[in-house]
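Below, subunit A partners subunit B and then partners subunit C, in two separate complexes.
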Partner chain A sequence: MNIEEFIEKLEEEFDELEPGTLKPETSFRDLDEWSSMHALIIIALIDTEYDVTLNGDDLRAASTVEDIFNIVKTRVA
Partner chain B sequence: MACFSIPNIRIKGIAAAVPQQEVSNWDYEKLTEKERRMLVKTTGVEKRRVAPKGMATSDLCFEAAEQLLEKLEWQKEDIQILIFLSQSRDYYLPATSIILQDRLGLSKSCLAFDIGLGCSGYVYGLSVIGSMMATTGLKKGLLMMGDISSATCSPDDKSTYPLFGDAGTVSAIELDADAPPMHFNLKSDGSGYEAIIIPDGGIRNLVSEQSFEVKQIADGIERCNLNLALDGVDVFNFSITQVHPSIRELYEFANTNTEHYDYFLMHQANKLMNETIRKKLKFEPEKVPYSIAKYGNTSSASIPLTIVSELSDEVSSKPLSLLLSGFGVGLSWGAVSIETAPIVCLPVIEV
Partner chain C sequence: MNACIKAISIYLPEQQLTNTQLCEIFPELEEDTIYQRTGIKTRRISAPLEIGSDVGYSAAERFFEEHPVAKEDIDFLFFCTEGLDYKAPTTACVLQNRIGLPKTCGAMDIPMGCTGFVYGLSLAKAMVETGLAKNVLLITSDVPSKVIHPEDHELRMLFGDAGAATLIGRSEDGANIGDFVFGTDGSGFEKLIVNYSGAREPMTKEWLTQYESADGMKWGKMYMNGVDIFVFAIKIVPPLVNEILEKANLTKEDIDLFIFHQANGYLLNILRKKLKIAEEKFFLYMEDTGNTVSATIPIALQEAMRVGKAKKGDRILLAGFGIGYSWSGTIITL
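Moving on, here comes the complex of A and B:
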């Protein structure tokens, strides 16, 4: 997996986002659109696409898109 | 693993009642327009029914039971067991089921008791009433369940208030020597008890002045310890990781698979969560009905309510293979595989 693919998938799920909005260094909580619902969408996406479960602590520890990507990368079977 | 079968039990009829007052999440002032769109898209909840102050779950169940008994032409003196399953009982004590026995005019030889469960309740309730009837020979029973959740959610808590709706249901259960066995898989994980909780008001934390203190938990989340608190991420993770393996265990026990079932009825918790589970089990969307847009998360009432509101024509006209799955507060979850005969369904009743 690579981060470009990962970002593309995230942007597809957040359909209010203009493509190209998310960068590896984007701090996702600072996005205007961010809400707690997005956390659920990210969890569902990562579970479905990569079979990796993120918990609340994982999300709290992550601040950028790349942080989330790295967590997933280390856990992908 | 708690897989088991119960023979000789039929669901003969189902009725559900909801309060008249409908509230739309499109009008929920704690959220911006954008957040409302996001809420509806993710949770699937657009409208909910909200009970007026003082209306109890048992009032909804009572109305549903009166109408169902009449439709089935069941005599009240023939009802030998009544179970009321809820987390919003009339009084701290006595049990609501006993009050319902008298209010419905059932015989004094009808046994009655309550069960305190939520989202997993329909599956658990069926297993309790079914196994009691199958082993004792009691012929006719009523399984009543639901919740008034609007009374315990803080209107200023965007993480709970827009999700839940009020409803009460009744299922008429009959002993029937020709009924094929129902297969169950029931599970519990109390380590997650804080994921969905009303902290005060029980014996652990008696009601005190502090119980009423409203605290700001986060932006848009204000509640006191007598309100429901929900950890959305924990519940979400629990549901998408635990529900499908337990259903696969049930498949193995019952010797079935996804293709075997005509319909898969899930507790109406959250559309994104339920869709994730649906995809993991590879159910086609047409086989998985939802009532969550109209009624929200109605706790233990959600499966019978979904049957009468979305599947009434199908279940009332022909035999079906149904897979029912409830999961949530406890944490508690369970699934049941049922081969139905036509079930009498009343249209959703407004009280």
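Moving on, here comes the complex of A and C:
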């Protein structure tokens, strides 16, 4: 898995985001569109695509897109 | 001797809380977004003094109007609500008298929340199949609106009030209630909880004053950690479904319809995709009622039968999960 592909999938899930909005260093909670629902969307996406279930603490510990990607990367079997 | 579900009646309080009304109360919300996030368009809200057992009583009243069943024939009552009348006596005793069930009837509360209907079915099956009772009335009624803070839009958009009365008795045809899978993880008890509702956290003057504008939140206040509950559900429900199938020696293809606790439409769709269940075999019915806690499964089941989605002889997999954390499931044959 690579981060470009990961970002592409995230942007597809958030239909209100213009493609190219997310960068590895994007602090996702600072996005105007960010809501608690997006946390659920991210968890569900990662669960379906990578078979890794993040929890609330994982997301709280992450601040950028790359942080999330790295957590997923270390847990992918 | 097999036990089976004989009949169901539903009671929905009159007052509604629509997405349009929610957007008027909370201007930051949008109707489309609420629907997309929850799969809900409107919910029913009980009258100010209409509590759990009142809603349950109305469901029972409706039951005896709608079905040719005599009250004298009921020999056990299970009452499931999170909003009991008193800490003692059990509300089921109060209801036995109010409904007019015979004095020879046993009565017991099972305040299990989201899993209440499935847990109730397991107890009713056990009573009937061991000959301890012939006709068990299971009333599952919840009024979550009573413990939701008026400013909590997350919870107000999700939950609604409703009651269901279900009769479980001896099967005379092929209908039955299958084996059960149960699970509990009490480490999650604080993730979905009604705070200040019991002996661990007795109501204080400070609490009542703090929520003065919300009538004191005197029945307690519901708290939900949405993210953690969501993660719990996507972790626990797929293995629960697989265990139910395994125990029954069946595959997904043998099941005619899947009815899960109608927790949240968005979550249910994720679970459906994760389990690779075809859309036409997965019953979603919460648009007009919301998450009614222990009443969601009987409401959905009755609707599925009404619209012909569930027919005589069909195998239906039921799965309950949530507060506790607790979970349970079975396969019923209509």
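Basically, the second predicted complex is superposed on the first by the 77 of 77 C-alpha atoms of A that agree within 3 Å, B and C clash if a C-alpha of one lies under 4 Å from a C-alpha of the other, contacts with A are read in each partner's own complex, and residues count from 1 in each chain.
Here, a residue touches a chain if its C-beta (ideal position, glycine included) is under 8 Å from a C-beta of that chain, and two chains touch if they have at least 3 such contacts.
It should be emphasised that the depicted structure is a prediction, and the values quoted were computed from it without experimental measurement.
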Broader residue contact with subunit A after superposition on the shared chain, subunit B or subunit C: B
First (subunit B), second (subunit C), both or neither touched by A:E33: first
Subunit B versus subunit C as contact partner of A:P19, first or second or both or neither: neither
Subunit B versus subunit C as contact partner of A:D47, first or second or both or neither: both
First, second, both or neither for A:G56, with subunit B first and subunit C second: both
Common interface positions of subunit A, toward subunit B and toward subunit C: 36-37, 39-40, 43-44, 47-48, 53-56, 59
Complex interface listing, subunit C residues touching subunit A: 37, 154, 225-228, 230-231, 234-235, 266-267, 270, 273-274
List of subunit B residues in touch with subunit A within their complex: 34-35, 37-39, 41-43, 159, 231-234, 236-237, 240-241, 270, 272-273, 276, 279-280
Touching residues on subunit A, where the partner in the complex is subunit B: 16, 33, 35-41, 43-44, 47-48, 53-56, 59
Touching residues (chain side subunit A, partner subunit C) in the complex: 36-37, 39-40, 43-44, 47-48, 53-56, 59
